[in-house]
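Here chain A shows up in two complexes: once beside chain B, once beside chain C.
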Partner chain A sequence: MVLEATMICIDNSEWMRNGDYSPSRFQAQADAVNLICGAKTQSNPENTVGVLTMAGKGVRVLVTPTSDLGKILACMHGLEIGGDMNLAAGIQVAQLALKHRQNKKQQQRIIVFAGSPVKHEKKVLEMIGRKLKKNSVALDIVNFGEEDEGKTEKLEALLAAVNNNDTSHIVHVPAGTNALSDVLISTPIFTGNGEGGSGFAAAAAAAAAGGVSGFEFGVDPNLDPELALALRVSMEEERARQEAAAKKAAEEASKQEKGGEQQASSQDATMTERASASASEAETKTNDMMDDENALLQQALAMSMDDPAINQEAKDTDMSEAASDDPELALALQLSVADSSKDSSSQSDMSKLLADQSFVSSILASLPGVDPNDPSVKDLLASMQNQSESQQKNDDKKPPSEEEKK
Partner chain B sequence: MSGESASAIQKGQVDLLDFIDWSGVECLNQSSTHSLPNALKQGYREDDGLHLDSDADEQLLLYIPFTQVIKLHSILVKGPEEEGPKTVKLFSNKEHMGFSNVNDYPPSDMAVLTPDNLKGKPVLVKYVKFQNVRSLTIFIEDNQTGSEITQVQKIMLYGST
Partner chain C sequence: MACLHDHSCEDHDCSTDWSLYKHIDLSKVSALNEARPGSVKSVFKAWEERLNSSGEHLESNEGDPELLVFIPFTSDVKIKSISIVGGADGTSPTKMRAFINRDGIDFSDAQSMQAIQEWDLAENMQGVLEYQTRYSKFQSVGNITLHFPDNFGADTSKIHYIGLKGEATQLKRDVVATIVYEVMPNPSDHKTRAESGGGFSHVE
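Then we have the complex of A and B:
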């Protein structure tokens, strides 16, 4: 709830074309900026945010500090990538813009997105940092994009020069599957200095840890419904994978010899888990509120453990659709699926469940974003039914095939 | 010392501490542990252990608004011999100055403090320039020995309303 005037410095240099952050560095940066603007204006209605670009023809102030979120988001449109980032000039212009803020009672803060290599000397940056500290301007640095040797060191030195009582922060975001915005949500850049956690940021942080408060996942479904939906679906999938991982660990203890089987069994497990997860959606939500950071850790572990399972899962859906066209493929798929089951009773239970098309279609209908009337979904259902039917046939074939193997 | 204190509170002049608008008091480049109230507030300023320190470099910029219009007669700055302030510039009624524009305006008055001043001798200001003061900005440009940190133990303002 700190009354603050913020200037956001955007890196729109050529380095931002790279796609190592999805969809592109520039787009990831723009999403992060939008989120930050929303968070700042929500935490205190008198907060103002301004935006400037550091590359292109030169440092250009797109919008001076204002509390009008629409104006800020509008100026993010039509930004062009080009040129080279001028960090020193960007920070100095930001400082100047903050100096001329209308409400002098606001604290001054600059948020810098440093995506391209830093060409300034460390001394120059330290001098700038000291000047900022002298004028009691806080600085947040988002170090992403290019991993230049010395870049991290220079930015850390800049932070050390500016930092006054932990009001300034630096965040290193390596390239990866996590979106830039998601990583930033849990950092002090969003959450303030601990004591001043805004409602938006607190909700986002809490939701990231598994809780639900106010807005689910910290994103207002009215502001960004697609993002909220995507977050919800991925959260459910994460839970499913986590349960699959737990099952896998238990199975691994008993079936140590056949490594390949486990992956295939977890395939089935995940498919039914997904069904059961969506069915008991409402119940598990409240239960999951209790797992805070532990859940997040477990999910991360599960994700790294489950990577092979995930790939196979995706392939499974593709293969099912292809299988309806290619009978040999279908047979191979069924054999690999059938091979996994030692516990034939559970297998037949699962296959019965899958075979019950009405049950499956009701599950699919409850899954958000899935239209049961979609032809691809119908194909999938059909192939799944074929699978379950042939599985029952293969249950008979299994003992002879296992004997053959031995 | 008693003679000094008698002359410090001259005829008709009062300690302007009561007229300071504390909500608007600001100090740029102060250290977070040793901040302005240590030098200004009653009780803190008498304590020699509590003092105002500068942070990134030796300059300090103090902004003191008042609850009503006052006339400033003299100021008293106490500090250690070495790190105490030397060149002090006073600006009357200039809001929200920064280090960058502090040299753009001519000061209402300027004083170079001697070690005597730092021990407790007040500095008389150009009274005519401070007849109608709503806010006072004190810019401490450097200190006695040129050390990195400037220390101020006590600041007292004398005047009338």
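Then we have the complex of A and C:
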């Protein structure tokens, strides 16, 4: 997040027609410039970027440092290749352009794309470098294109003269299959001195590196910050809820051993009433059926109250997990169980529906936050199946009462 | 220790006179052509410490004795005199040029611009020399830039202490405390008292 004014010096000499960087050296350079502009303006909204060309008829400033990305991209269009690069003049004009920046608080930086051979003497370059250092201007050099004898040495000397506390960098990009921009993304020119870099640079690097975004929740916080935030918040809420549920379960375990059906938590108040109503209704019928249903209801109640102490503990804990995953889901399932005990006709339909695993799993998949492949959900489904099977048996046992109800 | 004042230093506490360093906005102090970034902050200290050369000092880059020091203050000050303690062996600066209330001066500006005042400096190893200012010109100083173009012949210039004597007023220059950027300003966020019914009377 350094506040910076940057001048980019583009090499548009005849040497840029070469195709050893795809599609051409000039195009690769233009892509890199676009990326740099984006990265700089994103890392700090008050950053400004300017562009000048070093070859052609002479050094020409295309756009003075501005934070308007559109202007910068527009001026990259219609650039013509020709002439010879004048590195020294280019850097000096860049320094002058930076001197007249509007916001004097910005740090000064020049980024040079040195594609053609360097015809200046090493001494001249060193003098320029010292002048830049004296005025605390940082310099980044991108050495690509022509591999002249002495060019690398001269540029390294220039960097040594400018470098003040590692603020200046040089990058050598050999010709090859990698695009110029891709190579630059991982360099300090983009990431900026390891200050943490900009989100743009990090995102671009991640995208370039793998294709799959390595972000939490699979959502790029830059592209969709609200969604990423919502996912993060719901994850934390979920964890908090699970912790609370686990705590509650521990408490309930001690209480349940005394209470039995009598206790009712607030969320299961209506549930309990219904259950007790249906329980009493069932009691008027045969005893063993009532017992079965009571047991079932008790089991259902206990499960919905996240109580692992009754019956199959493992199943109940799974159930409580699933319940805490989505209490509404659990309640819905429990209600459907209660409904089925109340009204046998609909019960059979319901239980048949519930027994239809594919149907249930499709419902579960559509619910947010429930993964059908989750083992707890699978266990829940299994337990549901068992219940529906036992209720199926009950159905078979009392066909006459069905007729009565109808 | 001798003082230019016609008294002995034990009776009169010189350090209170030279206390303008307390009004310097140290975080915004900067220097051009310093060898170690940030070393310029070490030259602003109390009067008693001025000869203490064990800590950091301001040194220019190898082979270039020019130095430019930018000193902003937290409020407007009046500067009566300036004291400079340089280094030994010719590293002391020979000349000092001051510019007032100008932001972002660099070497080419400093060399071409007319300074508000210039002094010829002598080697001041004991820290007893002070250079008077034309007080009328230094009445409301928000920031001061000191340019040291040359030294006594060494490769680099060293400065151990810069002392400022004067008074601080409570006035502040155009301080913008917080800036809120609004992409799309919403007039309802900026209700004035008049719009929202005023203080006491309420007109329906």
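By our rule, the second predicted complex is superposed on the first by the 204 of 406 C-alpha atoms of A that agree within 3 Å, B and C clash if a C-alpha of one lies under 4 Å from a C-alpha of the other, contacts with A are read in each partner's own complex, and residues count from 1 in each chain.
What we mean here is this: a contact is a pair of C-beta atoms (placed from the backbone, for glycine too) under 8 Å apart; a residue touches a chain by one contact, two chains touch by 3 or more.
Not measured: the values here are computed from a predicted model.
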- Message: Based on the shared chain A superposition, would you classify chain B and chain C as clashing or fitting together?
- Response: clash
- Query: Given the touch rule stated above, what does A:254 touch, chain B (first), chain C (second), both, or neither?
  - Reply: neither
- Using the touch definition from the top, say if A:136 reaches chain B (first), chain C (second), both or neither. both
- Message: According to the stated criteria, A:104 is in contact with first (chain B), second (chain C), both, or neither; which is it?
- Response: both
- Task: Have a look at where A:177 lands relative to chain B and chain C in the superposition and call it first, second, both or neither.
- Result: neither
- Task: Tell me which partner A:165 touches in the superposition: chain B (first), chain C (second), both or neither.
- Result: both
- Task: Take the contacts of chain A with chain B and those with chain C, and give the residues found in both.
- Result: 99, 104, 130, 133-136, 164-165
- Item | chain A to chain C touching residues, read off their complex | 45, 99, 104, 130, 133-136, 164-165
- Residue ranges of chain C touching chain A (in the complex, touch as defined): 32-33, 37, 61, 64, 66, 103-104, 106-108, 181
- Please name which positions on chain B make contact with chain A in the complex. 28-29, 32, 55-57, 59, 95-96, 98-100
- Message: Which residues of chain A touch chain B once you look at their complex with the stated criterion?
- Response: 99, 104, 130-131, 133-136, 161, 164-165
